[in-house]
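Letters A, B, C and D mark the chains in the order given here, with residues in each chain numbered from 1 onward.
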């Protein structure tokens, strides 16, 4: 991926350079950027994104359809053969669609086929907002829709994809509201202080029982992690486990414990529904109890 | 296993019948029962068990050694061939020692060999108080002991085995303190009432990542299970997961929730250190929080 | 108050003796008991109470009205002069209506007058289900009612008063569902055990800022009180404070603490809405945290 | 009080002006500032305070004693007559020493007399770090000391008073570590969001049952108060009640509740031991439960 371009530079560029710089924001559709070049200068990323979204919605139906059809199938043959845009490849990889088993590929293909058979367009979803399981649920739900609702849904998803790409490629005073946050805070309520030096892990949980490590961290003097567990990007819709190694934490402090300790490792399973939300998951611990909640 | 015999009947029986009835309390050692027959009548199971334990401790060293050597290896060749007493077979099966992989059998054999090499006696542990993993930890710890301490440990374990067998076979006004209890209680603190109709499962967790279902239950009108999750027997030393299906519980009550719900399934991982203890694990839940602790 | 009479004895008595024994169940209205004497034998207190309630409802309007008018004013002149039945005196005293200030008496008199002016009957409420403040709220609410609704309300309250009196005076296999319960359970989640030996108090809180001690207790080995804080009677509708002396509890255990301890005394303020309900108020404490909830 | 002076201005002033500007930092003892004038420039408030503290400790015993004796009695006759420095007057007023009853004045006088009788110096304490009750406890504790220890304690307290005065009067890049913080955060765990719009009050609790309102506030969209409940000054050692009006909060949200609501007003009583500490007191609430802890 090329370095991000300042918005002012885009505002000052020739119309062609502007269009070229943003050609990849909409899949195989440089015309979107070209359409809004004349509306410059844009005072913010938000106004640039709004203009591009409006240009798409105002385009003739055939053009909109071509934009939709320019998107590759999810986990499709083109993706497996490497014949998709670098943007799509990176996005699909983030959701794990590049490490499916043969059986899983087959499932995606069946869903793609069913979707195309009903709606005659590829299934489009902003994969960076999803985990593999939530993408599968999207297929199931959206297959229930009418064709009209799905055209609309496809354009909504394209708008979300564009927002994420814009946010990555263009720097400006504002940021598009595409990022969520996942954070934690461990309080030792036995001793009335932040739980410092405790190990924790965040895993994504699959419906098939799989678990994928997202991050390992150690709590600092304030019981928090140095940086949020997830930030600067959407928190993919899905199921997670945050696990705190409470047994080791108290052992390191020489706190009396049962043998084996009553609590050794505290898992908190939770689900994310709003990728742009703030999920703060505090943990209140003693050697004999724990509590958690959605905080703020 | 034959039906339990009333203590009064044993008190009234001939010395031979008494000894015969209790011949199996000590592995291949009917002499223990015979020794205490003359001390009848016993007023309680506790006094009967104390007399038998004292008889063992007072026996000549060679006899005590023979008692110890009469015990089969854990997960040993005799057990695999079915050549052990019915009592031992049932006890070893309870801890899962009859469903080991080849690799696990090999591990037990190596530990049995190491133990015999150091102490010249079989490794004896009251397996009904343990899970497979805690038995393995027992080997490791006890291999550090002196020979004298191990003779003592073996007799202690034999005393525990005898207590459990006595408790099963003889009915009396008292019960030996060999049973623990594991129970739960789910409170819905969103609505201020017991969480009725929620599904929960108790699994034993293995160090190898395995999970073995112990019991499934549904909470009653008081948020409890109809019977304790474990009772009437020791709660084996080990690691457990109690899991409550909170998402389904609130869905059944039509409580508004995120999509997917923030909490779908709440796992509580805890360890048991005292097989004869009472482990009460309450769960306080709302759709957005939960808390647990060792209760009473 | 005379000793309780077994229901069987009442069933076997002459009609006159039966009516005499139950003459006081309905204020100045021995006819209620006399009316149902012929329906004997009663298999349970519940069926006796149902029969008496039905007899009242089936009586001619004038008789029902006389029953209502037979009740004294709450905190009225007759009560102050001692000119009311022993039952009424004891009941009014329980709610503290015999220890009002002049100002409070005046307030009750004004409310009694307003009620009589609107409805032409005395205000009747089952005072044992109320605190002084909730009685005052009853006046305010019921003054909004229609005359018809108030006649009905008066008979309902008379039925509740009769149930409590019957429950006190007649012993039977069943008890009328007139009693609630208020209990607590203190868990020390720092050390994973019941908080034994901690002092607690239950006070009734008045809207005027007053507090009236109901009971002092010390937690036992299970973290509970020897008997429920309130049981065997209605828990009066009202506001309460349950206070646990946590600082002294941890000091007695030599638990390290700040100076002064962060938590010295933990008050829980709560209100009772259902006098026949079970209010279980557990307290989970560490030197640095506490939690409470309506349990079961 | 005059406006704060920048440290650079003090560094650049004449020695006389410097000494004059800081004459009031030590009670009736302008010599302390004069002594350190030659050590300028001071790079920070911390180094200025350290120099002044060192000058006091290095002064001849008679001068140190005169400094100590220059302090007025707490709640003494001079204070009542207004014959003390403006600084002392303001400080004593903050702890409520200017609104004592006759009985309380008498108690302070007795303690002052006892202290002078034993140590021949006035009792000195940095009152801004205390409540009236904790000052009284200080008397009791310090009366147990040796004369030597008390001379030392008096100088320590004088150093604390000087630090607070310096921090008020001189602006610099650093601040002296004399301030604590008291904050809260209310989470609605019924609905999984910050409790917005809830009323809360912070009161100081007296040993005599008195309560003094410190601040009223309403929680914002994040469940916090716009500014910390206490900040920019020491949090006086003492006992406090933080009270959240939970009944009104849920009523405003039309949350179903009992009548009266189970929880109407949630008090949290806690004590402050470290005036310079951060006391974060979160509150997790549902209509049927609440929890609190010392957070961070």
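FYI, a residue touches a chain if its C-beta (ideal position, glycine included) is under 8 Å from a C-beta of that chain, and two chains touch if they have at least 3 such contacts.
Note that this is a predicted model, so its numbers are computed, not measured.
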Contact-linked chain groups that survive once chain B is dropped from view: one piece
Graph distance between chain A and chain D, where chains that touch are linked: 1
Between C-D and A-C, the pair joined by more C-beta contacts: C-D
Centre distance in Å when chain C and chain D are each reduced to the mean of their C-alpha atoms: 47
Interchain centroid distance [CA atoms averaged], chain A/chain C, Å: 58
Contacts with 2+ other chains: residues of chain A: 189, 192, 258, 262, 284, 286, 288-289, 291, 293-294
Chain B partner contacts - residues on chain A that touch it in the complex: 134, 237, 239, 258-267, 269-271, 273-274, 284, 286, 288-294
In the complex with chain B, residue positions of chain C that touch it: 185, 187, 189, 192-194, 222-223, 284, 291, 293-296
Of chain C, residues touching chain A in the complex: 189-192, 258, 262, 284, 286-289, 291
